[in-house]
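Read from first to last, the chains carry the letters A, B and C; within each, the first residue is number 1.
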């Protein structure tokens, strides 16, 4: 089952140092860069002072008890302390400026997305005044470039933490608390994020993808996601739908337009359009999907999805059906 | 002080008639350790108890190190299959729990329990029975935790046990209960040790050792003990709340019934942040001792050093929330914690500047302990800088819970505690055992460790920036984290080699003869005035102190007071501020009751994991043990009555 | 070994000292800090939980009855009268008064334990019904462990006072015991106000 992982090009970048949005850029340019320079210089100075003190040539007749000498030394120590304090104070001012900028609330045009953390996947919901326009997907967040996005963060089980480093800092999803953060992508691209709060067995494999795209293609994507699932067009996919509905799948998964409506696991209505499987663990290919369905425990030990013993024919039909869910 | 001496001078002729040889012979008899296992179980000597603490803590250090090494091997390449998630989660939980609760705090307190009485010229700690009890509780707690770990019931919710993950719903079974109760064991031990140290330092300092003349290490232990006193009850109480949520369905942390997962985080970090300084402050004391001896200069700026220790302790309680910057607390509150977290860099800076000034003034000798002290400065300040960085809320929200943080606190804790500890070990080893460690092996160990630490942890900063979160048992090849992780693993192997060299050094030295002498390094504090290893009564007479460097001030012999009885375990109590002789106190002979009390405590705590009736079951055991502990012995009594008759006259007068 | 040069003697220092001159007094104070912190943490948790509820006590939960708590508070305050007497008598080495006082104290301690049972009943809420019940019970249970400890200690100490092995320094112990008693009874007053009155006030 494991050759699945030889997947070719994995989508998504993730790095604090390559900001792709205002929030992350403020932190990198406004905080990290100056801090790094200051710390490096200070480190060099302290180590130099230490080495000098250690290795300096001792003059024979130094009188250590000389009060003038003690005073000079005291003055040097006080001066170093004063400089430390001033540097820290400047840093405090810089920090609160950046802090203000990153937390300033975006305008009304912000897009609202609700992300709910589950052990070990992300539920993503685009809400709308019309309930039938709500879009529910999983592990993949599409956002329009150049428009602020408010991400409402919720959890119903344990604490998770939402972190797409190129776009924004992280924020925890805490049961009983309503958190949110906002971010804005400067340029289109795929940005990887991962759960940053230890949340149990598969904390390691709880990633997501943020797909930033121009606003018209985003609008197109959103409209597509509002549709119910495609009706099976041929006998193979019809057979696949029967397998899907007749097996354990609907106990946890929903496919809009079919009787399957459970919200325990990810919504599969548009599974075929997603880039990854199992919360950013595998590229979404037919082989990977087959491996995941048959034995998820080999890929994510401890995950909530049970193994499914399907006959080869049933499996092929099911895969064909799932691939139609675009 | 002088008036006291004049007053007592009068009866010197009669009272101090006994020759020194006679005094020593009587003391040897009175303070003689008992032989055999039974005697070992009954010992209340601070040196044997502290040595056990040290050895036990070191064993836990090795175990936690093995866990870390295994985790590094697992992470050496992506999708490695050495450890599955279940094992890995237990490993990192055990690594953190062991290092924090079973190694770092106990080892520092053990060093204090060994050295403080010697440094202040006392015969023992203030409450010898309590001291022994604390050790047994610590030992039983640690052994219990590891037994459960070997039975695959090791805790797996992290050393911080965040709820709801650690709560009844998401961690069924007994793993988290084992954690919560192991914490209780170690907290009891830590609290008893802190009470022990505070009262010993307050009441048992050598005559003349005013607060202003205390060695910096003693100051460090005093400050640390106060921090323990105020910090440990938080985690002890919180872990009991957690245990109750799990055992009797209370709702402290259950948001559905009005509890709050964040309450746990507040309670935990109110302890958890001071914890770092609890580990770090004694290490500062080690460094001051080593720097003084190896530069042959008193540390520059004694008052500034003391104030820095106290200031660090105060600030240390004001920044717990910086562990919670990602939880979305109100911004105003966060700025306060940012400021506090940055300001704590100032006292640390002052100390580093003062040490550099001392070195500048002194004539350094590059002995192995001094190498560790220098290594400490270099490694620790890197952790200090990243510490100031993550005081910034926005920056912290980027790197929080990533490998950047792993790098940061390993620089702080290894640089700030393990480096000084190895230095201290090398420095005081001759005092404790009478034998020297090899300098050559020590140098190899130091350089390997220095390289290993930097190779392991420096790349982790970058891994954090590249998005690698903490506490992941594996990662995908496509993340590109593989090569830096491999580098870190290579560093860990080098660290392991260094620790093996240390063990070799230890084993070789322990088979060598006693050759160290009383004061091999030319130290200035009182512990170097006695034999190596010290006799059970520490000093034949009570040393009198008139400055901060008694041995350098009195190279020809220390002034001392006679008159403590030699036929019973008499110790001297002095006044809190000025250390004026005040009273004599009888210390207990060896006793089995602390051991029994620890057994009773263990029975109670372990049954409490399974049923709330554990309290009722344990109560009779505790009752018997503590009555046995407190009840006066008949055989002391005859003899005591005679002394009392004498003393009553004085009290009345 | 470094030579020690005798310059005086401590032979005529007293063996038995009271109050802050005694190490045990400082040890007791340190344990008071520990227990005090634990109770403080209970109080912090109590108010933390309280601000998460729109009403206090939560809806559908009865307010605690305060009769038992009032009796307890009065007992605790009054018990300090015999305790002060014991404390002073110990200083005078007046064994008879110490014995009599400790008998009264032991009796009072046992009565207090009885009243404590009523106090648990008076809470009118179970520990597992809401977080309110949990914090109220936790506060009471924590203080009860101190009360039990003091009860046992008083009983054992009273027994000891009649033992032939009694030593003078044990009387010094009685003043350390008194210190702990002042704390245990004194700290109950604000805690009782918190648990039994704040549901009427918040």
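Heads up, the rule we're going with is that a residue touches a chain if its C-beta (ideal position, glycine included) is under 8 Å from a C-beta of that chain, and two chains touch if they have at least 3 such contacts.
All of these numbers come straight from a predicted model, not from anything done at the bench.
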Using mean Cα positions as chain centres, tell me which chain lies farthest from chain A. C
Taking the mean of all protein C-alpha atoms as the centre, the chain whose own C-alpha mean lies closest is B
Indicate the whole-number Å distance between the mean C-alpha point of chain A and the mean C-alpha point of chain B. 39
Length of the line joining the C-alpha centres of chain B and chain C, rounded to whole Å: 30
How many angstrom lie between the centres of chain A and chain C, each centre taken as the mean Cα position? 52
Multi-chain contacts in chain C, i.e. residues touching at least two other chains, fall at none
Please output the residue numbers of chain B that touch at least 2 other chains, ranges allowed. 260
Which positions in chain A are in touch with at least two other chains? none
Considering the complex alone, what residue numbers of chain B touch chain C? 4-5, 8-9, 11-12, 15-16, 20, 126-127, 130, 191, 194-195, 198-199, 202-204, 207, 229-230, 232-234, 236-238, 241, 244-245, 248-252, 254, 257-260, 263, 266-267, 518-519, 528-531, 539-544, 551, 556-565, 572-573, 575-576, 581-586, 623, 626-627, 630-634, 636-637, 640, 643-644, 646-648, 650-651
Residue numbers on chain C that touch chain B, as the complex places them: 1-17, 20-23, 26-27, 30-31, 33-34, 37-38, 41-42, 44-45, 48-49, 52-53, 58, 93, 127-135, 137-138, 142, 152, 156, 160, 163-170
Note: in the complex, chain B contacts chain A through residues 79, 84-86, 89, 157-158, 162, 164-165, 170, 255-256, 260-262, 297, 300-301, 304, 326-328, 331, 334-335, 338-339, 342-343, 345-346, 349-350, 352-354, 356-357, 359-361, 363-364, 374, 377-378, 381-382, 385-386, 388-389, 391-395, 397-402, 464-467, 469-479
Which of the residues in chain A come into contact with chain B in the complex? 5, 7, 9-10, 14-17, 24, 26-27, 31-32, 35, 39, 42-43, 46-47, 49-50, 52-54, 56, 58, 64, 73-74, 76-77, 80-81, 84-85, 88, 91-92, 95-96, 98-99, 102-103, 119, 157-159, 161, 163, 165, 169-172, 174-177, 179-180, 192-205, 281, 301-302
